[in-house]
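Take a look at these structures.
One chain, chain A, appears in both complexes that follow, with chain B as partner in the first and chain C in the second.
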Partner chain A sequence: MGIFLCDCGGSLKNIDFPKISGDLEKLEDVAFIDISHSLCLEEGEKAITSRILSENINRVVIAACSAELREHKFVRLLEELRFNPSLLSLANIREQCSWTCEGDVTEKATELIRMAIGKARLLQPVERKNVPVNREVLVLGGGFAGMKSALELSRLGIRTTIVERKSTLGGKLKEVEGFYGLETSLKQMLDSMITAIEKDNNIEVLTSAEVTRVRGEVGDFDITIGGGRREFSLSFGAIIFATGYRTEILPQDFELKPGGNIISQLDLVEMLRAPEKLKRRPETIGFVLDVCDENSRLPTLSSLNNVLAVREKLGSEVYVFCKNLKVDSEGAEELYREARNRGVVFLKFDEPPQIYREDGRVTIKAKDVLLGEEVVLLCDLLVAEERALPPEGTKGLSSMLNIGTDSQGFYQDENVHLYPAASARKGVLFVGGCRGNLDLGRALTDIASAVMGSYSLLALGEAVVEVEKVRVDPEKCRACLTCIRACPHGAIQLLRVNTEKEVAQISDLACDGCGVCAAVCPAKAINFEGYSDEQILAEVETIGG
Partner chain B sequence: MSMGTDNKIIAFCCEKSAYLAADRAGRMRLYYPDNVRIIRVPCAGRVDALHMLRAFEKGAAGVLVMGCQEGACQHLTGNLRAKERVRYTASLLEEVGMDGARVKMVNLGPDMAQKFVRVVKDMAEKIKER
Partner chain C sequence: MNKSIAVIGGGASGITSALELANSGFRVYLIEREAAIGGQAASFCCKATDICTKCSVCLIPEKLNEVAVHPKISVLTDSTVAGLSGKAGDFEVEVLRKPQYIALERCVACGMCAGVCPTEPKASRSPSPDAVPYCYVIDETRCLRLRGEKCNLCQGTCPTNAIDFDREPERKELSVSAIIVATGFEVFNAREIGSLGYGRYPNILTGLDLERIFKDQGSLKLPSNGKEARRIAFIQCVGSRNEGHGYCSQVCCKYAMRFARLIKYQNPDTQVTIFYIDLQTAGKGFAEFYDECRGVIRFIRGVPVEILETSGELEVRFENISEGKVERETFDLVTLSVGITPRKDSWSLARVLGINLGDHGFFDTKEPFNSIETNVEGIFLAGTCQGPKDIPDSIAHGVAAAEGAMGVLEKCK
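Now for the complex of A and B:
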C-alpha cells in the first residue's frame, strides 16, 4: 500500500505531517509514505506516477483535499498508469479536518487516514469495459416536442422511431388557431416539420400505434408496439417521452355544464376556422381564466392567442376575466399588450366570478379589483377555462416503466438531481407538455437537454460500465424480490439460472450506484464494491482506536 | 479538546449533499467540534441499521445519518429509507436502555454548511449532557 499526503502547499499548518508519517510507518502493509506540497499540480502528479511505477503496490491512499475537487483527476491519472482506480481510497484532511478547527488536528487527521487505510485494505479491483448499446431512440408522441426531438437527433445521426397514437402527426399544434408572436404561421411550421420528417431517412413514423409493453433497460429496451391488428417488438437504446397533455373543462371547476354558449377553446378554434358557417356572429365573447388553477401557463397562452384571433376574424367585443394572468412565457407579455391595444378588456377579480345562463346568453358577474365595483357582463359566448391534464395512458406507461408521476399526474417530479428532462431510469427522458405546464419555449429547452442526454449515452454505440461493481451473490440470493422493488432505477431483474433457481441480476449500465439494494437485501447477498458492508464497517471500526 | 474513544460522533454523509455541505463548512471556516468523523456514502439509503449499531458497539457517542432534502434525493426514496432505518435503530437503542436521540436523521442540501455545523454542534452538546 502506498500513501500520499498533501499539505496543500504547506498551508495546513495545524497538522503535523512528519508525526503522521512516523505513526503510519509502523503499519505492516504500508510500503511508503510520501509527503507532497501539491498533489493537484503537475509536479504532484509526476511524483505519484514515478512512485506507482517504481514501487510494487496494490492499494493507494491519498490524503488531501475534498473528493469533490480531485477524485476524478486522481482516477484519471491512475487509469493512465493502468492502476485500477477502484483500489484508491481518499481521506479528506483539508475541508473536513484542517479547516474545521483552529487548534492542532494531527490526531484527527491520523484517524481519517487510518479510516481510509482500513477501507483500502478491503478494496477489490473493479474491471471497466465497454458494452454495446443500441443507437436507436424511440420517441413517444408526434406533437411538436416529439417531432422536434426526432429531427434534432437525426441531425446528429441518430435514428429514431416516432410512435403516435393518432393517425397523423401534429398533436396540439393542430388545435391552435393562429399563433401570434411568431414570424411564420403555425400551419407553415407544422407543414415544414412534417415534410422534413417524411424526407428524413433517419426517422420512421408509426401512426395509430401505441406502446403496449416495455422490457429491458437502457441501451437495450425491448418495446412492443401495438396498433390495429398488428403487434411487433422493436429494440431501442433510449426512450424520449413527448406525449404532451390534454385539456378539459372540469365539471367541478364551473357550476354550469359546458355546451350551448359555454364552450371550450377547441370549440372556439373550430368556429374561427370556418366563421362563414356561423348562423350569427357573436357580438360579445367572455373568457374566464385563473378560476381553477392560478398557475395557468398553457390556458393563458392559448386564450391570449385565441383572443387575438377572435378580434381579427370575428371582430367581436372581448372581455377576459382573470386573476393573475400568468404571462411568464416568452412573448406572452407582448401578446397581452397586443390584445389590449386591439381593444380587449381585461377585468381582474379576486373572488371567482358568478356565471349564469339567461335567455340564451351568459351573464358573468364579478367584482373588479381595480374598479372596486361589481361588473355584470352579458355575453353571447363564454369560453371557459380548461385545465392542462396528463394525457390518457400516462398511468399505464408509468407503471410499465416503474416511473412515478407528480401530484397532478404528470411525469417527472421536479427533482433537483434529475431536472429537467432525465428520469430515475437511465435512458428514459421526458420533454414538453407531458412534464406539466410547459410552453413551446420551455419545451425547446427540454428537447435540447433530452437530445444531448440521449446522444451522449448512445452516440458511440457503446458505453463504459464498471463490471459487477454492485453484484448479487447467486448462492445467497433467495429471489425474494426485495431489491427489485426497492431499486429506484429499475436496474434489477430476475434471471433464471436453471429450472429450479432464479436470482436477481443487476444491470451494470442501468445501475446508478446508490446502494439501496445492498442495504435492503435481507440475505446480505448484494455486494457494493467500494461501499460494501465490510468496507463501511472497516471505517467505523477504525474510529477511536 | 479531548480525543477519547467515547465521545465520537459518526456522520454518514451522502456524497451528493451532506458530504458537500461539510466541505463547504470547511471552506467557510465554520469551526465545529473535532470529534466528528465523516463516512462518505453514495446515498443515505445505503446506510444500514447494522452500520449505525456497530458504531455504538465500538463506543461512538452519537450517530448522524445525513442525506438530501426530502423530495430531492437523486435515488428518489433513499433518504426516506434512511429516515425509517434511523427510527428503527433509535427504537433498538431505547430497548437496550440507551437514549434514542443519540442517532439522528438529518436532511440538508449541498449548500447548507451552516445547518451541517448546527446539527453537529447540537449532537456534540447532547452527548456531553450524559
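Now for the complex of A and C:
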C-alpha cells in the first residue's frame, strides 16, 4: 500500500512527520510514504497521481484533514486514475488530532494512521455499475394532486398511469365551488386539467380501479391492479400516492347528526352557487372550528373564503367560533382582516362550545374569551366542523409497502428527513391530503417535490449502484426474516438460490446503506463493506500495537 | 442549448433548488452575497430535548456538504447580481464579486494567517467553524493592509501562497436558461417597537438571539449576570399580524414552543409563559407537540404592550384576555418572537431582474395558487423571499422552484 501524509502547509507543528514516516516504513506491506504540504491543492493531486501511476499498489492510506472536507476530492481523483476508491482509507490528523490536543501529538497521529492501515489491509473493492430502471410512474388517485403530478411529469417527458378508484377524475375538489376572489373557479381549473389529461399521450387513466398488490422495488415495482372482474399486473419505476383524504362532518363529539340546519361546507357552497333557489334567506349563520381537530388549516381557509362569499351573496350575519384561528398559510391573515371589515364576528373559546337544536334553529353556547362572558347564538344554519381523516385503504397499503404513518394515521412517518414528499422506501412518494397536508399552496409544493423526486430517480432510464456493498453470505443466512423486518427501506427479499434453500437478498438500488440489517442479523451473515466486524476490529486492535 | 441555471441566494431553499437541478444533470451557479453559504438557517440551533422536536435545522448542514462537493454546482460567494439581459432560455446574468484576497482554491484552512494577524479581533478569519466553503476570508474593515497601513504578515506566512492584496473585484457574465431567486428574509427589528424594551434592557432577547445562544452555548443564562433564569416569557407576533406587517410569519409559534420545551427540559424548575394571539399548531405532528407543551408551559392569550425594568426584573404589562383584566407580572427574561420580513434590498434586485414586489414587500408571483412563477418568464421564486415559510416549507418550495425551472430547460432541449 501507499501512504500519503499531509502537514497542511506546515501548520501541523505538533506532529513530527519524519518520525512517523520512519516508524511506518518498517511495516512490510507499505510500499512508500510521501509527506506533502497540501494534498488537497493542485500540486498535491499531481504528486498523488504520479505516485499511483508509477507504483504498483493496491491500497491507499491518506492522513490529512477531516474526511468531510476532502474525502470527495480524493475519491474523485482516484476514480479518474481508475483506482477503486473503496480501497482508500483516511486518517484525520488535523481536526481530530493536531488541532484538538495540546503539545506533541506525534504518537496519537501515528496510532490514527496505524488504524487506517489496519483497516486498509482488509478493504475489498466495491464496483459501481449502471442498472436499468423503468421510466414509468404510477399515480394513485385522480384528484387534483394526482392529475397535477401526472401533468407535470408529462411536461418533463415521463409517462404515467393514473389509477382512480372512482369512475371519473376530479376527486374532492370537484365538489367545491371556487374559492372567494379567484378569477377562475376551482371547478374550471379542474375541468381544464381533465381535458389536458385526455389529450396527453404520456398519461393513461384507469378509472374504477384499485391497486391490490405491490411487489418489487424502486425502478421495478410490480403492481397488480384490480377493478371490476379484471385483474392485471403492470410495472413501474416509482409510485406517487395522491389518494387524498376523507372528511367526517360534525364528528360525534357533539352527539348531533348533520342534516337540516346543520350543514357541511360543501352544502353551503351548493347554496351559494344558486342562492335564488333558497326558500328563505338564512338570517344568521354560525361556523365552528377547532373543536375536535386543531390541524385545521384547510377548514380555516375554506371557512374564511365561504364567510366572505356568504356576506356577498346572502348578506347574512356571520359568526365564527374558533379556538386559535389558523392564519399560517399564504393569504389567510388578509382574508381574516377582510372578513372582519365586512362585519363577520369572530368569537374565540378556550372550552369547546355546546351546540344543540332548538325550535328549528341551532343554538351555540360558548364562553368568549374576549368578552369574558357566555355567548348564546341562535342561528338559522350551522356550518359544522369537518375533521380530515386518512383515505380508505391507507392501513392496507402502508403495511403492504412496509411504510410508516403519522400519529393521525396519514401516510408518511413524522421524520423531517423525508419531508416533503418522500418515504423511507425509494421511489414511493406522497402528495397532498393523503399525507395530511391539506392546504392547496403546500399541496402544490408537495406535487413539485414528488415530480422532481421521481424524475431524478428515473429520467435517465438507469441508475448507478454500488454492487453488493451490503451483501448476504448465502452459507450463513438461515432465512430467519429478521433483516427483512428491520429494513426501513424495503430493500431485502427472500430469494430461492437453489431448490432447497431460501436466502435474504439485498437490492443494490433500493438499499440506502443504513447498516441496520448487518447489525441485527443473528447469524452475522450480512457484511457491510468498509464497516465489517473484521475491519473495525482490525482498526481497534492496532491501537497500542 | 444552454443547460445552466443561476440560483441567487444560498440559504435553505437556494441550496435545495441547486441540488435538485444539479442532481438532474444541469449546471448550477449558486450566487451568494456572504462569504459562506447556508443563509440564516445555518446559524440556528438544534432544539431537540431527549427526542427530536422536528425543527429541521439539521437538514441544512447535510445539504451544504452536498453542495460543497457537487461537481455540477459552482458556488460564487461574496457575489451579487448587478445586471440581467436576454430572455427565458437565454439570460445573461452579470455578477459582481468582491475581491478574493484569499483565493478559495488555494486556501487549505490551516489558520496560519489568523495566527500572525496583529489585529484583535483577527482580520483574517473563518466565517464560522462549520462554514461552507471552509476557507478563510479577510475582513476589509479590520485588515491593516487594506486600510492603508504596511502589513504583510499573513501573506508572508501563508504556506500555499493563497493571499494576494492586489486582487480586484471581478465582473462575470453567466449565460443561463433560467433564474431562481432565493434571497431569503430579514428578521423583524424588535427595536422598532420601543415599548418592548429590546436593545435597552439586556434580559430582553429575540428568537434570533436565542438561536445563536443555544447554538454557541447550548443553554440559556441571564445575559445581565450569567445566573439561571427562573421566570421566562415568550411574546408572540412581534412584527407579525400588525398594521405594518399584515401577515402571519408562520414560524414563531413553532420555534417559541420548541424553545420553551427545551428550556423546561433543561431546567424543569423554570417557569415558562407564552403570550399569544392565536397559536398556530397546524402541521404534521404539531398538534401532539402542542398537547405535550400544554402540560408544562403556561399559555396566556394576550400580547403585552409594555415591558419595564425595575431593580433588575422585567415588569410585563399585558391584557389577560381570558381573564378580562390588565395585569402586571415580573419575569427574569423575555424573548420576543420576532417574525419574518422582506429583505430591505429586495426592491433593488426586483429592479435589476424586472420582477414585481407584492403588497407586503415580498417578491410577487404572477397568479394566485402559483407561488413560484414571477411576471418574467424564466425567473422563479424559492423560499422566504416570496413569503414567510419554516425550514421544511422553504425546502419544499426550493424543490418546487427547481421543478418550475426544469420546464424552461426541457423546452430549450
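The rule is short, and it goes like this: the second predicted complex is superposed on the first by the 526 of 545 C-alpha atoms of A that agree within 3 Å, B and C clash if a C-alpha of one lies under 4 Å from a C-alpha of the other, contacts with A are read in each partner's own complex, and residues count from 1 in each chain.
As a working rule, a residue touches a chain if its C-beta (ideal position, glycine included) is under 8 Å from a C-beta of that chain, and two chains touch if they have at least 3 such contacts.
In this text, all values refer to a predicted model and were calculated from it rather than measured experimentally.
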Contacts of A:V516 with chain B and chain C, given as first, second, both or neither: first
First (chain B), second (chain C), both or neither touched by A:H417: both
Which superposed partner A:E68 touches (first chain B, second chain C, both, neither): both
Touching partner for A:I57 - first (chain B), second (chain C), both, neither: neither
Per-residue touch tally on chain A - higher for chain B or for chain C: C
Touching partner for A:L112 - first (chain B), second (chain C), both, neither: first
Partner chain in contact with A:D350 - chain B first, chain C second, else both or neither: second
Touched partner set for A:L370, first chain B, second chain C, both or neither: second
Common interface residues of chain A - those touching chain B in one complex and chain C in the other: 68, 416-417
Chain A residues touching chain C - in the complex, by the definition given at the top: 8-12, 37-38, 40-41, 65, 68-69, 72-73, 76, 152, 155-157, 182, 293-297, 324-334, 337, 348, 350, 369-372, 406-407, 410, 412, 414, 416-417, 419-421, 435-437, 440-442, 444-446, 448-449, 451-452, 455-456, 459-460
Chain C residues touching chain A - in the complex, by the definition given at the top: 20, 23-25, 52, 54-56, 58-59, 65, 69, 71, 105-106, 108-112, 134, 158-160, 241, 246-248, 250, 253, 276, 278-288, 290, 301, 321-324, 368-372, 387, 392-393, 395-397, 399-400, 402-404, 406-407, 410
Interface residues, chain B side, partner chain A - complex: 1, 3-6, 8, 10, 15-16, 19-20, 22-27, 29-32, 34, 37-43, 45-48, 50-51, 54-55, 58-60, 68, 71-78, 81, 85
Chain B-facing residues of chain A, complex: 66-68, 92, 94-103, 105, 107-108, 111-112, 115, 404, 413, 415-418, 424, 486, 488-489, 512-516, 518-520, 528, 531, 533, 536-537, 539-541, 543-545
